[in-house]
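Please go over the structures that come below.
One chain, chain A, links the two complexes that follow: it is found with chain B in the first and with chain C in the second.
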Partner chain A sequence: MNNRNIIGIYDDQDVLLNALDELQENGVKIKDVYSPIPLHGVFERLHLKTRLPYATFIYGAIGVVSVFLFLYWTSVVSYPLKFGGKPLNTLSFIIIMFVLTIFVGTLFTFLTYFIREKMFPGKQVELPIPETTNDKFAVLIEKEVTMTEDDLKKVNSLLQKTGAVEIKETE
Partner chain B sequence: MEKQLKVSSGFKTVMYVLIAFGLITVIIGFATGDHVRTWANLLLNNYYFMSVALGASFWLAIQAITQSGWSAGFVRVPQAMSNYLIVSFVLWFFMFFGLHDLYHWTHHDAVMNDSILLHKEPYLNIPFFAIRFVLFFGLWIFLTQRIKKLSLAEDQIGGLTNFNKIEFTSKVFIFVFAITFSLFAIDWLMSLDAHWYSTIYAVKKFIMAFYHGAVVITAIVIILNKLGYFPFLNKEHLGDFGRYIFILSIIWAYIWLSQYLLIWYANIPEETVYYIPRIMQEYKNFFYLELIVNWLFPFLFLMWNRIAKNPNALLFVAIVLMGGQWIELYMSIMPDTVSSHNITYIEFGTFFGYLALFALVVAWSLSRMPLVAKNHPYLPESIEHH
Partner chain C sequence: MYNTRVRGVLIKGNKSFADVSRDIIKPMDDKTPMWWWVTAFLATGALFWGVWGFYNTISTGIGEWGLNNNVAWGWAIINFVWWIGIGHAGTAFSIFLLILRQKWRTSINRAAEAMTIFAVMAAGLFPLIHMGRIWDGFFIFPYWNTRGPLWDNFNSPLFWDVVAISTYLMASFVFWYMGMIPDFATIRERTTSKMKKKIYGILSFGWIGNARGWLRFETAALLLGGMAAPLVVSVHSIVSMDFSVSVVPGWHTTIFPPYFVIGAIFSGFGMVLTLMIILRKLYKFKDYVTDGHLDAIARILTFISLIMGTAYLTELFMAWYSGNEYELFTFMKNRVTGEYTFAYWTMLTCNAFIPQLFWFKKIRKNITIVFIISIFINIGMWFERYVIVVTSLSKDFLPATWATYEPTITEIAIFVGTLGLFLLGVLMFFRFVPTVAISEVKSVLKETTTLKSFTDE
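Presenting the complex of A and B:
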């Protein structure tokens, strides 16, 4: 947020998605997109990569194994109690394993996400414009030091051409 | 876009050969005195492809009532699959000759000496059984054909009238399907062991129909795309098809576990008898195979986003899951009919015969109508799906 940015504000998601394509075709580097709703297609267009699903898978695998070991230890090793003639080590473990796998996977994924994004309770909101929580979509383009006046004009005209309702600059 | 499917003569020849092969297998099966196994296999395959066709119709009905946009380009595939129901209806009729070999409750003297069967007699008797059979098939064929006709009428005149009528018919179909299909599964599969009953049995068969119906739709769409049809099929469509398979594999496993826990673990001896041959005796290797093929494999394989959007990987999953449905039905039917767990030429011959017939009927139906419903209101959204 300390950087100087050009912000193009759009009010329609289809216009925004087409604008992203056109900006990138003209060699403009897009820094970030803010949207009030999850938008299908932005992630692919910005060529973002995430390793978060792999982390979730690992947490889930750890969850399922550790919960099974715990159940095995409690009902087979430490306190074996036969009831109804059923075996001690049964498939009825699956329900608890299933639920706790989801729980462990979700909880640790959230924690990882918060740590990576440096989020914590009570953190101040960082928004380029507050309307992105309501009905506007914002495209951030970084104003690099190497950019000349012509470059800036080009970015401005491209934003206008692609249907931005407003263009702002932050210092 | 206006392209119509052309069925190549090579495909037809191969299918005819396979059907003939299946027919010969059945004749040999009867000639060598393996009556029960042959009838059991005919029942398995009749049920298999009827369930796929109905599951596909249910899938289509779900798309209609949720007004899904992404699938609008592919509605003709399940519509063509529903045509198989008419062929299936004819094939099921032959099953009535095998009732005595398969169903214990059809033997009059056995029922008279058995208080449980006598108690069920008002429902489980051959005339009422036949009436239900005709009624259920009549309803399914009427409703699925009506949806197809409305969709074809939409191609001619456009507008929203037919679209709304399809949505209404789909709602009716879902209600009818839920009730009749459950009773059909009870009639033809659960009554193989008429002393036993389970309330979750029909639910599992219902989910199986939906699951494998979606699987076969995916397979057909990908194969047609490889042949040059559906040029607008993109990664996101494949992702949605893959998501259907992924989610339904979890639901299927959920029902599988519910059945397992309710019957096996609830400690009711009358119900536990179902699992004795399946878990403890000769069928036990297939018991775990069923779970691994139908749940563990698609669950772990489709978890990776890149695989779920890859047509070859999805086609591979679909083919494996078609085997998975066969295993599930084998586990439902064989322990109650055939005494020994043994996969012979009859199993292979009948399955490939029926598969060829199904493929032929679907290909023929697809070639008789425009491959894309051109006036479907959501078609542009489906083509631009991202």
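Presenting the complex of A and C:
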């Protein structure tokens, strides 16, 4: 992946979304969008999807089964001990299963998020422009090697036309 | 669509995104104010007194407390339940109001979640110290041992408690931290101090805020929130089972789980109200935590207070309707009248009657009175736990074993110590963390402020 980009900077979320439409209609490929807030319009326009919920479901399923197996093994197999004449394999296991399933699901979803995002404490990052964490929205368009001067001009004029407050290029 | 006619403008003062970042980060960049040092000094003093109480209990034993054979649960359990109740505010705010699509939560949820974490930490100390031999605390975990191996009794509510509370603490912390990552990145990119850039750089985990990152962030936050929502209900239900699965009169009722959950949310919102009034005053956050926000909390409290009143009446009714003379005695002769009349009526007044004043708009608009009422709620909920724990235990089936209970100085010290711990935690939060969720406020900013002219049509 190269780092040669054209960056269009916007200062309003609705202007940005309109700009994305316009750019896409003109066949410009958008590489990424940096913003201070999550924008559902951006996810839709870039056709982004995440499989995180499936992962959570799997963690939950593994959690509930393994907790039950552990409870069953300890209370019925390993050391069967009667308490007040109640059955060894009881319905009240549900309470621990319920809570620990949430425990497993929460912890592993949290960890999965960081692994997928490749985030960790102390990671050094370089933002295209630092203001995207404050009040600016940045659209990144990759300068592909096949792009001609005319293509670049077209992108530039489109960005300008759609209301970009600033256009930057990185080499 | 957000309807401004119902709730008013969420964020006042026509803020831009840059204004929001600046306003919320400003108190962190300012010089540490005098009130902070003074409160921190007092809180540390309280904490040290609590440490003394801990030391006293551990070095001498539980005999340092005012407990006896009958009243084996005293202040420790009362305070444990009280703190856990307060700890329900964060998740109740973040999750229930998220599900109900209440956008006004964005200015408050960060502080409510922080409160949750410190309150649950304070709560967790009590069962630990109550064991007496704190160094044997690990016995509660089901680990492979040489005694059989002998496992825990997995049908004991006390074990459920450990599981529920540690899960709740972990889930609340994870949810809270997750929400702060974009805000830490905002500080990282804004600050001019090298030290801060480094610290918040580490804390922000390398957040960049690109489209895919936000999508995963939102999904993860929703998943974590969705999983924490049932915890709000389950934690205090399980705490209530510590009482209700026993056969002690006054405890052995099926109303306990919902009654405890509602009580927890009530005290949690009460404490949120107390803290938010202080926060917005000290940090001049009146544009973010508007009168409308406080009004909304007050309305919720009115409603929950009605449920509390209903629960109290139901208990009395069931005591009579059950035809059980022990139940009837506990409620009528030991709570409504008798030795513990003061505690019972304080509870009823603070929880069921005083919050009803919020029906009047004039009272809801007067922040000083709102603040005082919120303090009454905190006190009332403490007395509720006192009534439940002490009255039932002190006079049960055999009059020959009746006993009274009074806390000793050690127990008081431990309680004051946890207050100090909580306060110190909150002060740290006020100083080093953005107290309002910056990115969340920004995402409701345009919809609820600029579009006002459309929705007002």
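By our rule, the second predicted complex is superposed on the first by the 143 of 171 C-alpha atoms of A that agree within 3 Å, B and C clash if a C-alpha of one lies under 4 Å from a C-alpha of the other, contacts with A are read in each partner's own complex, and residues count from 1 in each chain.
Here is the rule we use: contacts are C-beta pairs under 8 Å (C-beta built on N, C-alpha and C of every residue); 3 or more make two chains touch, one makes a residue touch a chain.
Please read all numbers here as calculations on a predicted model, not as lab measurements.
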Between chain B and chain C, which one contacts more residues of chain A in the superposed model? C
Give one of first, second, both or neither to describe whether A:94 is in contact with chain B, with chain C, with both, or with none. first
Based on the superposed arrangement, let me know which partner A:71 touches: chain B (first), chain C (second), both, or neither? second
Touching A:120 in the superposition: chain B (first), chain C (second), both, neither? second
Once the shared chain is lined up, is A:5 touching chain B (first), chain C (second), both, or neither of them? neither
If we overlay the two complexes on their shared chain A, which of chain B and chain C does A:53 touch? Say first, second, both or neither. both
Answer with first, second, both or neither: which of chain B and chain C does A:86 touch in the superposed model? both
First (chain B), second (chain C), both or neither: which does A:162 touch? neither
Overlap of chain B and chain C contacts on chain A, residues 53, 86, 90, 92, 95
In their complex, what parts of chain B are in touch with chain A? 236, 257, 260-261, 265, 267, 303, 305, 386
Within the complex, chain B is touched by chain A residues 17, 40-41, 53, 57, 84, 86, 90-92, 94-95
Within the complex, chain A is touched by chain C residues 16-18, 21, 142, 148-151, 153-155, 159-160, 163-164, 166-167, 170-171, 174, 178, 182, 185-186, 188-190, 201-203, 205-220, 223-224, 227-228, 230-231, 234, 238, 439, 442-443, 446
Chain A residues touching chain C - in the complex, by the definition given at the top: 13-14, 32-39, 42-43, 46, 48-50, 52-53, 56, 70-71, 74-75, 78-79, 81, 83, 86, 90, 92-93, 95-96, 98-100, 102-103, 105-107, 109-110, 113-114, 116-125, 127, 130-135
